[in-house]
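Quick heads-up: structures coming right below.
Next come two complexes built around chain A: one with chain B, the other with chain C.
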Partner chain A sequence: MLTYNFRYELKLLLRSRWIQLLSLMLLVLFGFSAFNGQQKVEKRRSDIAEAHLEMRENDAMMLMLLDSVEHGLEVSVPYWTIPSSPMALGNYYPRVAAMEPQPMAFLSTGQADLFTHYVKPTVSGDDFALNFTEMTSPVQLLFGSFDLAFVIVYLLPLLIIAFSYNVLSAERENGSIRLLAAQPITIQEWVMQKLGLRFFWMALLVTVTLILAFLLIGMDIVAQATSFLSFLALVLAYMLFWFALAFLINLQAGSSAKNAVALLGLWVVFVLFVPSVVNQLGNTFYPMPSRTLMINEMRSLKEEVAKKQDEILDNFLRDHPEYALNDTTQSRGFYHRYMASQRLIREELSPAVNAYEEQLQKQQDWIGRFKWISPAILAQESLNEMAGTSTENYEDFRKQVIAFAETWRGHLTPFLYNNRDFSQKDYPNLPKFIYQKSQASTWSGLAIILVLSGLVYLIGIFIYKRQKERNILTTF
Partner chain B sequence: MIITDNLTKKYGDQTVLDHLNLHVKEGEIYCLLGANGAGKTTTINLLLGFIEPTSGSAFINQLNVQENPRTTKLFLAYIPENLMLYPSLTAVENLDYFSGIGGKRLSDSDLKGFLGEAGLQPEAFDKRISTFSKGMRQKVGIAIALAKDAKVLLLDEPTSGLDPKASNEFGLLLQKLRAKGVATLMATHDLFRAKDVATHIGIMKDGRLKQQFKADDISLSELENSYLNTMGYKELAI
Partner chain C sequence: MISKTFLKETKELLRDGRVRIAFFIVILLLGLAVWISARQYENVNEQYEAAKMAERTIWENQGEKNPHSAAHYGTYAFKPKYPLSLVDQGVDKYAGTSIFLEAHNRNEAQFSAAADQTGLARFGDLTPDFILLFIIPLLIILLGYNSFTKEREMGTLTLLKSQGISMGKWILGKWTALFTPILIMTAFLFLVAGVLLSGLENFGIFNWSALVVMFLVYVGYYIIFINIVLLISAKTRKSGVSLVISIGVWIIACLAAPKAASNIAEAKHPYPTRQEFTANVLKDKKEGLDGHNPWSKEAKLLQEKVLTEYGVDSLHKLPFNFDGYRMQKSEEHEAEIYFKHYNYLKEQFVQQSHVYRGLAAISPYLPTRFLSMAIAQTDYATHWDFADAAEEYRIATQKFLNDNFAENSEYGNWGYRADADFWKNLPAFDYNPPELDSVLSYNASNLGILGLWLVGSFGLLLFTTKTI
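For the complex of A and B:
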């Protein structure tokens, strides 16, 4: 029987032009969104490449200046930018701490619109610890990015609804249901086979059109086979959830119009309402401290400590006798006092910064606790994770940058307090930033979506058994 | 072949079928006459297993319908008042599909043979059902019964809306099936067609089988008078 359903379902779909229409729509949607995502990735890549190029050019200039200084030549740059001074080097020749896009970054813009992809931490600056956002178009924030994740999470369910809402009701409405029910097959089996076959054909179309779209944007699918397969598995699991919902609704013996409204209602609930409510509640229960207040607090603290920098420096040197012992000149200037005071500022500010980070963590934990309610959240988060653009990825990048800034400062501070000049031979030892992507698994999201699909399917069977077949067969 | 044993169906307090006892043997055509709401379609729904009886039992090929819903459907064919097939499939494809899900794998020539036997013109075999008249669709329905090698045929107002020629052709097809030993139960309003094709006739009113005849024992006018009297239209009876 399955073979007959298989053969004739394909014929019916082809003759009703569903397959052709779906193929075209999927190709256009996937192609355009993948291209759109790829454009953003290219822009990000070129921004980072530009920053690296600028750094290399600056480094070349720095080495030339150092060479001149070391040979006792005059240099035509302001004296406070001469790189033999470790603080000048640390401030005017910073390293680029970049978050290179992942191979699948084009899948999802995620947080990439909000956060910066590279920073240049300096020895005296600390704003980067707090201010990681980019100026973003409010219109784009309002409408979101038209990327593959948007197409998959938001639009694909709508196509599935259009493709499956009337599998049974159409048979009832055109009168063929009674003839079907007179055959040795139950309606439940028939609907399941019919939807199963539609899932199969749609999965095939989605797979083929995704491969085409990926090839169009120049992705090497063979090299990225594992990533591509896990992405495909996630998409198919998400589709399965929506087909399971269609199965549940189809068996409720409603009219086609009622089924369409019910499925669209569920789309609103799972795709718009639940994610919004979970986020809103997260914000309500764990509100983020104001950045403005924190920056104001930092400024007033700076003013306060600036007034007592001599005292701070004395305290600092008492805590770090190694700097005092190694320097025979014992001369102390602006940067000695400044760096000592910066340390104090960081210590004073750490409760506020920690509170911000803890609150952010609590928010994320809250969302994590409830994300299983909506497969849309799970799918979006998994896609962001695959693309390397999730909140966790950017938070992780921020922490790595802060750690690198500390390393940068820690590398150059001894030069300052030992009153040692930076020289050409010290250049190769300058710290380098390498972004390490955390290896979060996307399989848990996929597994939860599969479990939810199974649950919806079982609910469908349970309700169907309770209402009995007669309602379906005798209403019309 | 078709047996109903005190078959009763109630919806709340309303009895729509009241202790129906029928016995349709191999090669018999039993026509159930009655006004709308008499219980004819309910009887067919119970025999198809679409609804469950309140009491009593229905049997197809000696199998209890409620206990063996799937097996009994292997032996029966059903043609509703408006036989709706898949409009975008051809006659051959529709026959292949319904035979297939009924468990029969047939070759193309077999399928065309059954359509021809059911009286469909060969030029219509590969045409889409959307271009078919009701009479042509009913012939495809008969072809489904033939292909299934059904022992039992259940018909619900099959000639309603057919022109006299198509209705006559349909009657002839039923006789063909009768000759093959098929037991047929047909619900109809059409006294003339009932008298023409039936071996047995029953008149139902308010869920009860009021009268039963052998078709050969009664003339058309006697049947008409009996029907009108049973329905309570004595003033119209001759």
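For the complex of A and C:
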């Protein structure tokens, strides 16, 4: 029976031009979205490369200036930007702290359009004032990006629904259900086989078109075999969930239109409602403290600190006697006071700044607890994770940058308090930022989607068994 | 005949459990969305008032200080929230809410709400505009997809044909039956919003005419969807197929087109990265006059010019403090640089808007979205307007401070302190958003596109369905 079904189904799909149409649509959708993603990644790469190039040029310039200063020559730049002063170096010749794209970054835009991919922390800047958001039109952020994740999470289920809503109901509406009832196979098995075959064909088409789209944008699939396979596994699992839902609805023996309405309703619930409700509840239970009020707090603190700068410097030097000992000149200028008070402001404000991170973490945990309600959330988060564009990735980058800013300051502060000039031979020792990607497993999302699909399948069978007394030929 | 069809269809809808449930769910969601937004709105407004007051107090209580130190100390401009943002949040979530106004630098608005939320926020929020723009069109599809196909499927088509019914009247009857419940629901929602808004205390400027215009825009949007759904229903043979095609149209119009438009707009007219932008500004600034650098070539040129103008041979003999004067000149020069660079951004934004308008040909969603945001004063143009106003205020503040410095001290006296009361003389920042008329005339092309859609969809519905 399976072989008959297989042959018949293939003929039917080919003759109704479903397969042709589907391959074309998939190819166009995957191609366009992968191209969009690739374009964004390339822009990101070239932006970072340009920033590095600019930094190297500036460094060459800095070394020239240092050389002139060391030879006692006159230089043509304003005196407060001469890099022999460690603070001038730290402010005017910052390092680039960049977040290089992951190999699969084109899969999902995620938060990549919202956050910047490189910053240049300076010695005297405020960490909390470091702006990590990117300069984008908010309209684009509102509309989002037509990326592969969008096609997979939003559109693929709709294609599946259009492909499978009337498997059983069409037989009844065409009058062929009596023929079917005469076959030596239960309805449940028949629907199962039929949907299984459609899943098989669709999976095949999706795999082939995805590979084609990836080759088209010039991705090296062989080199990225593991990433590609886990991506493919996720997509297939997500498709399986929607086919399981289609199985559940088809067995309810409604009319084609009723089935379609029910499936679309489920799509709206899983893809549109659950994510926004979960997010909204997270925001309500763990609201972000007001940023405007934080500004007020920061301002009054700065005002207070500015009044006591001398006192703060004295306290600082008392805590760090090594600076007082090593320096023979003991001259103290603006930056000595400034850096000491900045340090105090940082320490005082850190609870307020950490409150945001903690609250964000709580929201993230909240989502973690409820994300299994919707496979759409699971798929989107897993895809972001694979692409390295999730909220956690950017949070992680931010932390690394702030740590690097501390290193940068820590490297140059001793120069300042020892009143030592920065010289050419100190240049190679300048700290460099290297972004480390946090390794997160994407398999848990996949596993949960598979479990959910199994659950939906079992519910389908259970409900069908309960109402078996209904006659498939007469009930409508 | 129109009224008979209308009555029959309305009865059918009322008796259909599916319709009752759908209506109930939509009303429930709307209520929930309005409640959430109203809470958020009040919350944000409270914070806004508190922050504004606190900032002004900080500014006024600076004590004796050199005006230029005060200029570096700076002040903040906070962006207010407007009543109609209750209906449409627009881009508010993605645009910053406060701008730091200081000497020498024009800063961008910072701290957008989206940056402080998890990635899930990108799925969208349960807000009234989400229901109005996405869910009610879906409801229209649900109510109307089988309007004509059911006659065929139930075999009543032959009966109807024998009645000698005119196609036009039949369609109009069906159309009114679909339009009436949607109209009632939308009107009810806007009425509730209006009552709620005029009941809220100390909420700036709310006017009913803006709400009415917004209501009309949405009604137009729904009429377009009704026309499309009925057209599809009349042209297909099976209800299921009609539903799938209608949903396809919905996906393209509401989901795919905006995203594709955003990608195309960005690829064609990209913004510079934040760091690039800063670097470009810095490069231009380096070449010009720097108020802090009296040794640069530009500073020397200015010095000579002023000396010859006043016919004196030393800066000390000028009737004002040249330091303050140079500060002001450099401020003006820097403001020009910022003006140029921000104008470039604005130019990109205008070009991007053209892309969106071009793609509105395949999506009535786009013009509706832009109009709704504009009327609610939550669109990008309003944000620009606010940023420009803040910049104007910044420039005026700098002039106010530098003039005091120049007039009240002599050259070289950096130890000069302004009175503690002086800061109160600076007028507070007050921003008024563009009026409804100017918003509408600015969005005339969007209105035009929506009008074209309206006329076009009516034409298609009435003239291509001569026979069923």
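Basically, the second predicted complex is superposed on the first by the 467 of 476 C-alpha atoms of A that agree within 3 Å, B and C clash if a C-alpha of one lies under 4 Å from a C-alpha of the other, contacts with A are read in each partner's own complex, and residues count from 1 in each chain.
Just so it is clear, a contact is a pair of C-beta atoms (placed from the backbone, for glycine too) under 8 Å apart; a residue touches a chain by one contact, two chains touch by 3 or more.
Everything numeric here is computed off the predicted structure, so don't read it as measured data.
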Mind working out whether A:S164 is in touch with chain B, chain C, both or neither, as first, second, both or neither?
-> neither
Based on the superposed arrangement, let me know which partner A:A181 touches: chain B (first), chain C (second), both, or neither?
-> first
If you stack the two complexes on chain A, which partner ends up touching A:Y4: first (chain B), second (chain C), both, or neither?
-> first
Thinking of the overlay built on chain A, is A:S84 touched by chain B (first), by chain C (second), by both, or by neither?
-> neither
Which of chain B and chain C A:D47 touches, first, second, both or neither | second
Is A:S16 contacted by the first partner chain B, the second partner chain C, both or neither?
-> first
Using the touch definition from the top, say if A:F273 reaches chain B (first), chain C (second), both or neither.
-> second
Report the partner of chain A that touches more of its residues: chain B or chain C.
-> C
Those residues of chain A which chain B touches in one complex and chain C touches in the other | none
Residue positions on chain B within touch of chain A in the complex are 45, 48, 50-52, 70-71, 73-74, 76-80, 82-89, 93, 96-98, 100-103, 141, 144, 154
Would you pull the chain A residues touching chain B in the complex into a rising list?
-> 1, 3-5, 8, 11-12, 15-16, 174-176, 178-186, 190, 468-470, 473-474
Going by the contact rule at the top, pick out the chain C residues touching chain A in the complex.
-> 18, 36, 47-48, 50-51, 54-55, 58, 62, 76, 78, 90-91, 93-98, 108, 110-126, 130, 134-135, 138, 142, 145-146, 238-240, 243-244, 247-248, 251, 255-256, 258-263, 265-267, 270-277, 279, 290, 292-293, 295-296, 345, 348-349, 352, 356, 380, 383
The answer for chain A against chain C in the complex is residues 32, 36, 39, 43, 47, 50-51, 54, 78, 110-111, 114-120, 131-146, 150, 154-155, 158, 161-162, 165-166, 169, 173, 255-257, 259-261, 264, 268, 272-273, 275-280, 282-284, 288, 290-293, 295-296, 299-300, 303, 356, 360, 363-364, 367, 376-377, 380-381, 384, 390-391
